[in-house]
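Note that the chains take the letters A, B and C in the order they are written out, and that residue 1 is the start of every chain.
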Amino acid sequence: MDKTVALELKNVTKTFGRVVANKDVNLTLNRGEILAILGENGSGKTTLMNMIAGIYYPDEGAIFVDGEEAVIRSPKDAYDYKIGMVHQHFKLVDVFTAGENIALGLRDGKKFRMKEINARVTEIAEKYGFHVDVKKKIYEMSVSEKQTVEIVKVLYRGAEILILDEPTAVLTPQETDKLFAVLRRMRDDGKSILIITHKLHEVLALSDRVSVLRKGEYAGTVNTAETNESELTEMMVGKKIALNINRSTPQNVCDRLAVEHVNCVNREGVKVLDDVSFTARAGEILGVAGIAGSGQRELLEAIAGLQKLSGGAITYFDPQNGERVNLCDKTPTQIRDLGVRLSFVPEDRLGMGLVGNMDIVDNMMLRSYRKGKWGMLDRKNPKGLADDIIRKLEVVTPGVHTPVRRLSGGNVQKVLVGREIALTPTVLMAAYPVRGLDINSSYTIYNLLNKQKESGVAVIFVGEDLDVLLELCDRILVIGGGTVTGIVDGRTATKEEVGLLMTKFRRTEETQETAGEENHDS
Amino acid sequence: MSAIVGFLSSAIRLSTTFLFGSMGETITEKSGHLNLGTPGVMCVGAAGGCLGATLYVTAAGGAVNPFLAVLIPALFALFFAALMGALYSFLTVSLRANQNVTGLMITTFGVGLGKFVKGALGSDADVAIGQICKYFRTLFPFADKLGWFGQLFFSYGILVYLAIALAIVTSVVFRRTRIGLHLRAVGENPATADAAGISVTAYRYVATIIGSAVSGLGGLFYIFDYVGAWDSGLTATEALGWLAVALVIFTLWRPNLGILGSILFGALYILPNYLNVGFAQRDLIQCVPYLVTIVVLVITSMRKKRENQPPASMGLNYFREER
Amino acid sequence: MIRNEKAKRDPLFHISKRETLPFWKSAGIRAIAIVAALLLSGILSAIFIGVDPFTFIGKLFEGVFGTERRIWTTLRNLSVLLLIALALAPAFKMKFWNIGAEGQVLIGGLACAVCMYFLGGKAPDAVVYLCMAVSGILAAALWAVVPAIFKAFWGTNETLFTLMMNYVAMQAVSFFTSLIVKDGSGTMKNATHLHGVQFPQIGNAYLLTILVAVVLTVGMWIYLRYSKHGYELSVVGESENTARYIGINVKKVIIRTMALSGAICGVAGVLLVGAINGTVTTSTAGGQGFTAIIVAWLGKFNPVFMILTSFLLVFLEKGTSQLDLMNNAFASMITGIVFFFIIGCEFFVVYRLKFRRPVRKESASDASVGGNAETPPSTETESGTPTEEKSEAESATEGAADGTASPYRRVCDKLAQGAGTVAKACAKGFGALRGTCSKGMKRLKSLFGKKNPEEQRTEEKDAEEEK
């Protein structure tokens, strides 16, 4: 294999306000190789790739394509340099066919004939072993099919350098394997591939070399053949940092919430929760680990009364009298009226937990506005609560009447968590509560959750950072593809153990997948 | 028999107003603009044509060239209506104003402007329209000799054939060309179109301007061909404009279906004249186009078939930085 | 090479959302827009109807406040328009685009008229009044609830639905009129068909409507700001997801709010029929259902601001109708122009233009803001920060404006200079312009032959002035 350099980054730096996303990053990508970019969440992988793809422009440093300095200011410029990126969030028009989406925005000077475009698409797909039904509409497609369309779109535009941002996050293990096979074939065809991931086993299985980013900085590159998981982990996290989250021994543990054999089908008819059973206990933090989109959101929403179940039972044990309360098929209002104090910090803070355009007081009122008399609102108590939260959680805001959308991510989260805790819940559910937060804010949140646990609340914590899960939680529920793949003790489990459970797949999915494929071929 | 042929051929004639109006609105809506100013744009088109006709007839004195007599008013109508489209686009795209509010303003303004132009021209305009409307109305002199066949297919003016041809062309452009693909993408998902390097701004501007110009021809046709005189107060033109907006929904944003849909609307509109009915029944019949449109709207929303939905971003302005 | 090319393609200015603007500043921008629009209208009136801008504006005021009766009618018209706008406010706040107010008003009026027809003279007056009010309000509420139900359960596009309902309502009015009035004139006469029923006057013919509007304005202000319902509907409008999350029944809120919206339209319809016109025709609402949309929108759905915007609209309409020559045509044109300006100026209230800065580093950061990336929100640390970035960029702009030699400042100076020159040229050229215009018009008219006497008069006046 020849070793000509296809792409080179020299001392690339990018800052957003005061936050340095990338600092002095150097990178080389050879022709005909797969280079994995490894890094934890928030290590600046996506920003770096966006700079190559023309979405951001570096503040400092330079990008060289085929040895010449390149100025890439827009995705179109990137295509001119034969660089194409497949984003995590697909950019496809739902009502168009795969072929039409691929043809979109194309200006190749040729006459526009869908037939020819479709033929060419099929040809490209076959060359690398894809299956693309060019006449299928995007809204009828599964996530993996959509991803395939995105990849073919990039190839169709003649990209020689492909960037894939977390392509496996939304795929099942089988789909991942298939994708990897395709990527290897592309590499053998002379294409250069940059793949972002934070999953070590995938890196080892696929890549030729690995470049590691750590907190926005370049931590080095190694040949995959000469490395192993522990070395990569060390490069990724740097020297072992103890997180020092104070985990107290659970006191007065008792069952608070039982989820039994819960099934749930989403709007597209896909089974998102499959026979999920577990118990959340008072005085304990139950962690939920899993690849993004494995059913965590649906699980919490089902408990909160926002998701219709297609089977199973959710039972709440009243702490006062020990009575069992059925929470199945209840609306949030009904759950509240049953006297169940359930708090929920959803993943989508400004889209669900809070209203971005309302001020802090009005956002406090979301939970309490029904308490007003005569059909009128009581703004006095929420105002007091808002002042309280701002003071206690050190929320940085110009005032209580500032719309929350203008606060920074950490402060938004403090407002949300503060409000939910103010309900004095007996069950507290938090989905990715530290996502996008800086270290200090994250610790504020951990401490709040720990305090809740100590005061006898059953805490359910959905997280993505395994280190945090292992240091914070008493038990960890691992969820994969909508099923519970295991429940482990947070004190004794190892990262590998949890990671393995996360990627464990089930038989049912396998059969589904093959069935889908048969359809595809016919 | 002859009554039916007469009815059908009148329906087809009137349908041209709807067809131009709805085709223009369809082109506009495909780009994601819900232009509720279409009735106003049609009035402006009529007034523009009126201005062109008056200027031409006055300038030409007695010797009116049939070709120019049609062409000049048509160009004026296109130009003035296009200006309204440009105004709408400027406010909604460049100044990001609310589309509904802007559209309604365009209607108020357009009707006012139409009346004003006619008022300023005075009775000269009536003379001019009277003098040249015959050139709008006939294209094939042999139509009379072909009996019912000729009356049904060849008895119309040039604009009728132009409308049908344009509808077919538009429909082909939407489905078969790159421009059509890009336009639909802009209306469905402007963010994706933008990411694909398509200029959302340019497409929205151009589609709205062309759409408005086409709608303007509807007003021109109604005054110069169908009525052959200035419709006092433009009330009928405005009402027809709203029906054209309804027709867009009724035909599920498809100009080729629009040909049939507009004939149906035209037939319903003139049906009371052919039936010996009282005023009350007349009102009921005239209500039908709106009711069937509502029914179509409801049924498509219940069936949730994605292809039949309005363009997904219709009514929403696109602003790249807002994410 | 490439870099130069790219630099040229940088936009001249960059648009970004403003942080909050102090009240006086936003009010100032709007005031400037209104003044500019009035001036433009004045110039147009000078060209087309030969009234100079200052007389024009003077005449507007005269038309609105000239006599006591005019003041009363102004107030009454304002009240009706405000009532309809009040009806729309909650629906719009919920992001339900009810453009069916016209039809809702008509149906309310129709139901009211039907009561007058059947009960007038047969039942005690008090009963008739009660029936008129109740049936009108109920009918309009029901009319509005129909699209709301379809929206709530099937997501039917409410803009198109309510728009169509307007014309169904119009046909319904004309249908009932034809049923009652057999002579084909299409108008119900209050005395003959509706038994001369009319709501009792309070003080004078105008006060009832005005009082109702005052009460409902206060009521709506309280409803939107201090009631649970008002809070719920704004949550639904802002984010349906949040509404579901806190257990608001979204469907119920949509239907309830539209029922309220329709009911208030019904009030307007009842007043128009029972207290103002004494009869119902297809033009009873007279396009106010559409105008009210603009009033509500410009008033930001705040009843207090809406008083101002509806006043502005009524002012224009009444004012121009006094100097009008041709069928209100000029009036609606002027109204259109003023509102184009106001709609347009909202842009400058919400956004700010940042002019291109030539230093490459800065413009580079600009380009990144303009990048069309969809960074998934809050997946990584950096994505939480764009707001900070923007505010920094803005402070940079302001900083640049302080430095005297900065290019930004130079642009400002140039602009100011240019404005001065333009103003001077305008002042000088205005007289000339009017002369030319009137000459041009004269020539145009002589080309067309006849003149109407009024135009002739103005021309003569112009000719004198020219001398």
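Methods note: contacts are C-beta pairs under 8 Å (C-beta built on N, C-alpha and C of every residue); 3 or more make two chains touch, one makes a residue touch a chain.
Values in this document were obtained by computation on a predicted structure and should not be read as measured data.
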By mean Cα position, the chain sitting nearest the middle: C
Chain pair, A-B or B-C, that carries the greater number of C-beta contacts: B-C
Euclidean distance of C-alpha centroids - chain A vs chain C, Å: 44
For chain A paired with chain B, centre-to-centre distance based on mean C-alpha positions, whole Å: 48
Distance between the centres, which are taken as Cα means, of chain C and chain B, whole angstrom: 25
Chain B: positions in contact with at least two other chains: 191, 195
Overlap residues in chain A, where contacts from two or more other chains coincide: 74-75, 91
Per-residue multi-chain contacts in chain C, two or more chains: 372, 374-375, 377
Touch list for chain C against partner chain B, complex: 15-17, 48, 97, 99, 150, 154-157, 159-161, 163-168, 171-172, 174-175, 178-179, 184, 186, 287, 290-291, 293-294, 297-298, 325-333, 335-337, 339-340, 343-344, 346-347, 350-351, 369-370, 372, 374-375, 377, 447-450, 452
Interfacial residue positions of chain C with respect to chain A in the complex: 2-3, 6, 9, 19, 226-232, 234-235, 238-239, 241-242, 244-247, 249, 361, 364-365, 367-368, 371-389, 391-392
Residues on chain A engaged by chain B in the complex (per definition of touch): 74-76, 79, 91-96, 100, 103-107, 112, 114, 137, 139
Contact set on chain B toward chain C in their complex: 34, 36, 54, 58, 87, 91, 94-98, 100-102, 104-116, 119-124, 191, 194-195, 233, 239, 242-243, 245-246, 249, 278-280, 282-284, 286-287, 290-291, 293-294, 297-298, 301-302, 310, 315, 320-323
Chain B to chain A touching residues, read off their complex: 176-178, 181-182, 184-185, 188-189, 191-193, 195-198, 306-307, 309, 312
